[in-house]
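Consider the two complexes below, in which chain A is the common component and chain B and chain C are the respective partners.
So, the complex of A and B:
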């Protein structure tokens, strides 16, 4: 429905605020917006049910966060009640300190952390449902074609295995095989193993037949050597630049320059390597007007949230200690979070129905 | 299967028992109150010292800092207990707890020390304050200054537990009358000088620490100076003998005005004699409250003839203001209980303060609901084919 790049931008626009803020008001808006996106356009996907799994995992994680924070953090001024204290200690070191003062602040912090966990998980769940995995793999950069190939095989591995297990089970059931205990697993396991091996050999042969691994335009020995030297140097430069930037706060520009230079060298190298790989596409993705709208909205959200984070971090922060107070709410951030529902508004289905 | 379950349960029980015995084991016993010393050295070299009392067997270093009454900003998001960001005015707020330590030296932060009981030297703490348990008799140190992992340049000043938690000394009092004996109709000057006191009360009235008063008693009169400091409450009595030129009036009992203790108006038995009598005050260092106008300190805990009221109920007391950052009587942090009412109040106040932001928040939620309700019908599985 949308271009893969659009979905990637949407993912960043949704994830950035979810990661940067703990303000429950923004998180609630984000949660509802993602839920709306999921429950409308997400319904078109065949893997629509995966949401439930993510939701369950999110709720379990959140309840852990709430319980752990409430029981172990005794900081905060508003005491709800006091539980008997339970301390696990070895020598002078306290490893676990449960119970004691149960404060509203610790409960709030646990709730907010849990909420942000759920939101992040649900964003990924929605992205999973909305994006076409094959298109996503196909859009990996050219120099990483081998990695992309391996990833696509790995992703296809589990569903293929499940399908073949189903086949084997049915075939064995017809022959009168009944599964009673662990010992009955062997007639299922051995065919699965052999069929898996067979498939692997078949895949390798077909890949070789299509010329996988051979380079379209073979690089000269000198150029290959240059790449082999320059890429590690650029990576090391990147690392050194990051260190300089974060450690020597008085001369940050040096670190920034080293970082940029190394990044440039690295990208140039990778692009030259990628140029050697020629790719053909059977089906091209189209960039439509709605892609432009959604991408623009996502970019605005990314820029605004990033700007707030760089210039006015306090607008995003929420910290209940030492005394809980209601979170602040900036209307601009709130509105920008609505970018997450733009794919719903511009979806072709919305227009078709009204035309009818 | 069953055996595995049983083994599992056994292991769980053993672990639980071990943990519980560890938790219940109390090596120090229940001698109360326990004390630890606290030394905090601020960035401008001023030093705060305190002696923290607690009733638990042991507390954490974080508790010690909390109970000192200093304002402390902590960051709990590191997951390793609280990081101390700020004490009073030195340090950073929680948004960036180590804002003075961003890599390149100088790296300034609140360094945490323990006083080694054997060598009496400061030892840089290997653990955070939340994880370090403090035994009675320990001394905790905090110092704001440049440092590195493993030590800081500026140690807190060396002060031992005895110096920090020395039992408080009684106030130094000089309480005299001039002249100390007079005939009726004459007047005398009461003079007092008090050091190391928090509250000074003369006959139920709060007075300055160093002052005098002009008195003209018509008969023999006892003046009481009550002085309160950390060591307790002390009463100093001064008797001015008044010799009557005329025949003695019938014996009168002078009810001493004791503030607050209205239920027990104590009568000091005053024998109608001209001979001054010693007021029996047990436990007083000098057992001679002679008419020579010397003051006799007597602890209130000891049974004196004069009933004393608890000082906390004293109306109008002149407090001697401590110099800033001085030791104050330590009280455990007040534990508030929040009820449904206060939560409701919080919510209503919050709705008011949110104002415009709250309106926009509600509008966005309604908008989202609207988008969902409008779009819901458009995305059905049949339209999947259209794609």
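So, the complex of A and C:
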């Protein structure tokens, strides 16, 4: 329905605020927007059931966060009630400190953290439902096409393995095989492994007979050596840059510069490798006007949220300690968060299911 | 188009070469059929055409190969992929991506073709193979025949000069095989595509071939000539050809249509005699049934796989279970051995309901040989494999000479079971099940991928078991095998038993279930070659 790139931008536009803000008002807006997107577009997807799984996982994680925070954090001025205290201490170190003062602030903090966990999981769930996985794998950059191919073959392998395990179990049951201990795993495991290997060999043969692998560029030895040296160097530089940036706050610009330089080298390397891959693509996704609209909205959201984070971090934060107060609300941020609903607004009529 | 000169090849770590000093020349536009027993080097020969031998397998290669002015030995399978389209045996494991259209494009993407070219060729291939209705389907939802046609399409998009197919129909049921072979015939006659095909089912394909190459195996000198000439010299052939050779019909008829001309002239006694096959059935009826299935219903995932099935089998009876794929044959067999439990109704063995009994206990007296022998074999040697079954059933291990000899496996008792050829593996799996000497033998599609030799060996073995008083139920698509050894035929359709009767009456004058000989004579008394020869002598 939308271009894969559009969905990727949408994912970033939704995830960025979900990770940066702790303000419950913004989180609730985001939650509603994502839920609307799922409800109107996502329901048409074949993997729609996975959403519920994500939601369940989110709720479980959130309840842990709430319980743990309320019971173990004793800061905050608004005491709700007091429970008997239980501490586990070994020597000087306290391992567990349960009960005691139960404060409204700790409860609030737990609630907000739980909420942000749920929102993040739901964003992934919705993305998972909306995007076409094989299309996503196909749109990996050229230098990674072999990795993407392996991933998509692996996805196809799993259901086949499950089916053959079922066959094997039945076949061994007929021979009177009963499962009593680890030793009895062998009659199940060996046929599974060998039939998987046989299948893999045949697949390899079939791929080779259709020219797979001939696209690897006939790079000169020196070029390849250069790539092999430059990529690890760039990765190391990136790491060093991050390190410098975080630990030498007086000269952060050095760290930022090293990061940027390394990142540039890395990208340049990958692009040249990708150029060398002589392989064309059959699928060309259509970029429609609605893709432009959704992508533009997502870009605006990313820029605005990113700008706030860099220039005015307080606007995004909400900290209930020492005394809980109402969270602030910036209308611009609220508006920008609504960008995550644009796919719903520009989507074609729902009845028109054949439209892709 | 294809030229092999003095080709000698041995796989790594083997002494005897599979191919010895082979000479072969294939003209452009020719349809060459490659036949020979399993292990005679058919697959190896075909793989020489695109360089998979020796590039993918290693080993020692001597001689020269030339395909459409390319040298596969030098260019390797990747380089040859645009010249030779290669289709493999197993429809399950040669697909790379998930959807039909992408699979068709895969080879072109590897060759870095322009997108507009790719679109045009995909459309062309979809139309040429009549598979445009499949274009948006996922590969795993296709039937076997559809998969093989997509596999053919996936290599045709590169517009190869030669199409090479390694037993493309051996894993398919007759209808699906027909689909694939008709497609090939059309490609050959409409487009002049050179086709090299190895195949077991001669009766379906022999009339399309221009020439036949027969590989006797063991490095003996191969035979290449017109179909008539080769079939005259080869020992095991389809029933029509065998009968024609016995009765010395000239020129050798290749199709039923041609054979009918000779059959009409044959003087046969009028149909008054007692039918030999019915005698056995009449004997069976006197005893009480050892398998008794009543009102059996079974469904999974809301799909009714068995609907009100009633079946009883006597001791010593040989029942063939036939019908389309998905008609419930396997489901029925699994109910007898207790792998599946009735949704409704009952399954009785020796008068006792199997409800509440363990599969492992039932399996002590009921041997079920599953379709895929690979799901069974795991041990280091065949002997260990048999010992495992005996021990699992709480029996002593013994020596298995008699059993293995009857299955022609006596030389392989210490072999690693997975190194055996397809047919040997099938028999090894059978040995591993039958080593506890069960009274009921259930076979699920035992002839898949077997050649004529192996089928005959299987028929002999099963007849021997029947003479020992075992009851046999065999699910199969193989009409000729059924004509040879079954007393009774049960045909299933959509989970129900459609026909249940003596083999002779069920198998004559049927469009699908008649044997070749029966189609030739339209006579209920004649199902196999032996029937005819007996009557002619009289």
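The definition used in the following text is that the second predicted complex is superposed on the first by the 301 of 356 C-alpha atoms of A that agree within 3 Å, B and C clash if a C-alpha of one lies under 4 Å from a C-alpha of the other, contacts with A are read in each partner's own complex, and residues count from 1 in each chain.
Here, a residue touches a chain if its C-beta (ideal position, glycine included) is under 8 Å from a C-beta of that chain, and two chains touch if they have at least 3 such contacts.
Fair warning: this is a prediction, and the values are worked out from it, not measured in the lab.
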item: First (chain B), second (chain C), both or neither touched by A:177; value: second
item: Which superposed partner A:101 touches (first chain B, second chain C, both, neither); value: first
item: Touching partner for A:87 - first (chain B), second (chain C), both, neither; value: first
item: Chain B versus chain C as contact partner of A:159, first or second or both or neither; value: second
item: Contacts of A:213 with chain B and chain C, given as first, second, both or neither; value: second
item: Footprint overlap on chain A, comparing chain B with chain C; value: none
item: Chain B residues touching chain A - in the complex, by the definition given at the top; value: 19, 22-23, 60, 74, 76, 82, 94-95, 102-104, 127, 130-133, 333, 335-338, 346, 350, 353-354, 356-358, 360-361, 364-365, 367-368, 371-372, 375-381, 383-384, 386-387
item: Chain A residues within the chain B interface of the complex; value: 1, 25, 28-29, 32-33, 35-36, 39-41, 43-44, 73, 75, 77-82, 86-90, 92-94, 101, 104, 109, 246-250, 313-314, 317, 319, 321-322, 324-326, 328-331, 334-335, 337-338, 341, 344-345, 347, 349-350, 352-353
item: Complex contacts: residues of chain A adjacent to chain C; value: 134, 149, 152-153, 155-156, 159-160, 164, 167-168, 170-178, 186-187, 189-191, 194-195, 198-199, 202-215, 278-284
item: Residue ranges of chain C touching chain A (in the complex, touch as defined); value: 50, 52, 56, 77-82, 84, 86, 88, 90, 92-99, 101-102, 105-115, 118-119, 122, 140, 154-155, 158, 334, 337, 339, 359-360, 363-364, 367-368, 370, 372, 374-378, 388-389, 392-394, 418, 432-433, 436
